[in-house]
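Listed below are the structures to be examined.
Two complexes come next, and they have one chain in common, subunit A, joined by subunit B in the first and subunit C in the second.
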Partner chain A sequence: MSRILSFLATFLLLFVVFIIASASISPMDIVLGLITSVIVAAFSSTLLIKEAPTKVFNVIRWAWAIAYFFYYFLIIEPKCHWDVVKRILHPKMPIKPGIVRVPYDVKSDYTITAVACSITNTPGTVVVDVDEEGKKYYVHWIDVKATDPKVCHEMISKTFEKYLRRVFD
Partner chain B sequence: MKTKDVVIGITTAILLLVIAIAIILGGTGWTPLTEIRLLAKFYLENCFNLFDKNYWAASPEAVSAMLWDYRGIDTYYETAVFFLAVISGVALFRIAEVKVGAISSMRRELGLSIIVKTVTRIAFPLIITVSASVALHGHLTPGGGFQSGSMMAVAFLTAIAAFSRYFIEENLKLTKDNFLTLRSVGLITIAILALAPILAGSIALMQNQAKPWSSTPSFPEALGILWTAGSIFYYNLAEFLTVGAGFTLLFLLISIPEEEFRRILRL
Partner chain C sequence: MWEVVNQLFLYIGMALIVVGALCDLIGALGLLRFPNFFVRIHAATVGVIGGAVYPLFGLTLIAFACDFLGYWRWLFASGSFITAIIIMFTAPAGSHALARGSHRGRVPVEPKVCDFLEEDKGRS
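Our next item is the complex of A and B:
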């Protein structure tokens, strides 16, 4: 059952991508898209979905994902941009770069990746490495305000984890 | 140091200024050209002319029409040359099979971080889907067999970089022999498509749409709802498999670790 569900989820994703890449919904594209998606999904569904595929069809997770999308791109991201813009335009360029440890408390691969991408995508912080056994990221920070892992977690990744745990974990 | 920077800056500025003045004064001719060249005119008027089908290729994509119809034999030889290069590669790396079990102990440490791996897991099927879309629309939109085949090979290349070559052999159960077979199937399909008009009694190799002097019928323009532009759709599909499998095969061969290679040669 879970294999069928993960196949279905992968198939839907690939079909949507095929239609977007083709930029057309003529009958020909729908038929070709169906064939292509079935073939590619057949060998990539286990690759894409390792855990319970029921998560894909969970509406609450999708709602959290959409909420996070808007919160991230409309509030968090512009704030960080503004912060970095100020630092660049400031005549003294007040930067204090350094690499800090940021612990994380999430389980699945997708959550770890999504949190890391969220940190990297905000200007000012970049994940340079991840330590899976120690459960921590190594983050390059443009303005190191603290070196204590707990404080860093509070300042850098707490919000991301709060939302993304509800989406992927 | 400072003087040097200033000199370099001023020299670059003067150089750009001279080039700009030369272009403005028409030193390189008019860019873009104001009239269409004779050859371009022929293709524009004929490659998808529904009212005068004497010289048409049934393909709205003029470049694909040229590649697989007007100058089809050239493309065919290009594909053959690439095939020979791949075959030579396979012959040079003349080891039977890399035993996967031999390196199972160190396999856990292979590959990049979990972030790269997860992103690659998502991107891998998506790249293959998009490359298939480019291949299947090669006769309608820019793209075609070679481009889409390269895109498919890039999917496998990212997988090799992010995981390891053993990921393709173990998780996807695809060995280099599979890719060699796929590649040969693609090339044989191209050969059959090219020879089909001759076997049907035509005098022209790779004839797509019948010309006024042809004795044989054209390839059907469409297959039900599927507009195939005669044979161009099939050529693109076969070339997609040929190039994608060929490049992937080479990537698999050159990613065999040196130690493994030497160990097998010594046996």
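Our next item is the complex of A and C:
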């Protein structure tokens, strides 16, 4: 049962992406999309979704994902861009780089990856390594304000975790 | 009504593209000015997100507003939107792989305040 559901979820996501990318609902595009999505989903559904495929059909998770998308692109990213742009253009270049520990408190693989990608996508912080046993990221930070792991978690990854836990976990 | 919305989309899209060009320029300056590899990755991130993803979203809005393109404007809009989303998902994987590989390959982290990864795992 769960294998059928995960196949269906992968197939639906692929088909929607195909239709959006081809931007037409002519019969040929629909048939081509159906065939390619069925083939790709048959091969990759067990790799992509390992646990609880019902999460894909949960509307509240999608709403949180869209809210996170807008919050991320309208507020978080411009702030970090402005911060790094100021550092680049400043004549004295006020940087204090270093690699700090940032603990995380999420369970599923998708959430760990999404939080790491969010941290890397904001200028100023790059995830260098992940320690899955110790549950922490090693983050290269352009302006080390604190070396204590809890303060770093507060300043770098708290908002990402708050939203992404509701999407993936 | 639709005229106003189209004009709004057009101006927001153009503003996003100008912001993207500025971000690309400043990212290139940062790549030249910053002292070592790890700090330069941050300047490259400014070039990727500010210089590629935001202009592609702007292009999506402009394509929505261009009525004279007729049917083809949906193709432009969806193509640039999907490209923006894919760049957003794949760029962090690339910079993470570069950072991890160069830290394992003993690329110097100087100047630095602290390096807890080296303290915890060493540089093997």
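Basically, the second predicted complex is superposed on the first by the 164 of 169 C-alpha atoms of A that agree within 3 Å, B and C clash if a C-alpha of one lies under 4 Å from a C-alpha of the other, contacts with A are read in each partner's own complex, and residues count from 1 in each chain.
One rule holds for everything that comes next: a residue touches a chain if its C-beta (ideal position, glycine included) is under 8 Å from a C-beta of that chain, and two chains touch if they have at least 3 such contacts.
Just so we're clear, the structure is a prediction, and the values are computed from it rather than from any experiment.
Asker: Given the touch rule stated above, what does A:Val127 touch, subunit B (first), subunit C (second), both, or neither?
Answerer: Touch status of A:Val127: both partners.
Asker: So, A:Lys107: does it touch subunit B (first), subunit C (second), both, or neither?
Answerer: A:Lys107 sits against neither subunit B nor subunit C.
Asker: According to the stated criteria, A:Lys79 is in contact with first (subunit B), second (subunit C), both, or neither; which is it?
Answerer: Neither partner.
Asker: Touch test for A:Val31: subunit B only (first), subunit C only (second), both, or neither?
Answerer: Touch status of A:Val31: first partner only.
Asker: What is the contact status of A:Pro97 with respect to subunit B (first) and subunit C (second): first, second, both, or neither?
Answerer: A:Pro97: touches subunit C, not subunit B.
Asker: Per the contact definition in the header, classify A:Ile88: touching subunit B only (first), subunit C only (second), both, or neither.
Answerer: The second partner, subunit C, only.
Asker: Tell me which partner A:Val144 touches in the superposition: subunit B (first), subunit C (second), both or neither.
Answerer: Second partner only.
Asker: Applying the document's definition of touching, compare subunit B and subunit C: which contacts more of subunit A?
Answerer: C
Asker: Tell me the contact category for A:Cys117 with respect to subunit B and subunit C: first, second, both or neither.
Answerer: both
Asker: Just to be sure I follow: which residues of subunit A are touched by subunit B in one complex and then by subunit C in the other one?
Answerer: The overlap between the subunit B and subunit C interfaces on subunit A comprises residues 17, 21-22, 116-117, 127, 129.
Asker: Once bound in the complex, which stretches of subunit B touch subunit A?
Answerer: Listed in rising order, the residues are 113-115, 117-119, 121-122, 124-126, 128-130, 132-134, 136-137, 171-172, 225-227.
Asker: Going by the contact rule at the top, pick out the subunit C residues touching subunit A in the complex.
Answerer: Checking each residue of subunit C against subunit A gives 23, 26-27, 29-30, 33-36, 38-39, 41-43, 45-46, 49-50, 57, 74-75, 77-79, 81-82, 88-89, 91-93, 95-96, 99-100, 103, 109, 111-118, 120-121.
Asker: Quick one: which bits of subunit A touch subunit B in the complex? Just the residue numbers, please.
Answerer: Listed in rising order, the residues are 10, 13-14, 17-18, 21-22, 26-28, 31-33, 36-37, 40-41, 43-44, 46-48, 109-110, 112-113, 116-117, 127, 129-130, 132.
Asker: Give the list of subunit A residues in touch with subunit C in this complex.
Answerer: 17, 20-24, 73, 77, 81, 84-85, 88-89, 93, 95-101, 116-118, 120-129, 131, 138, 140, 142, 144, 147
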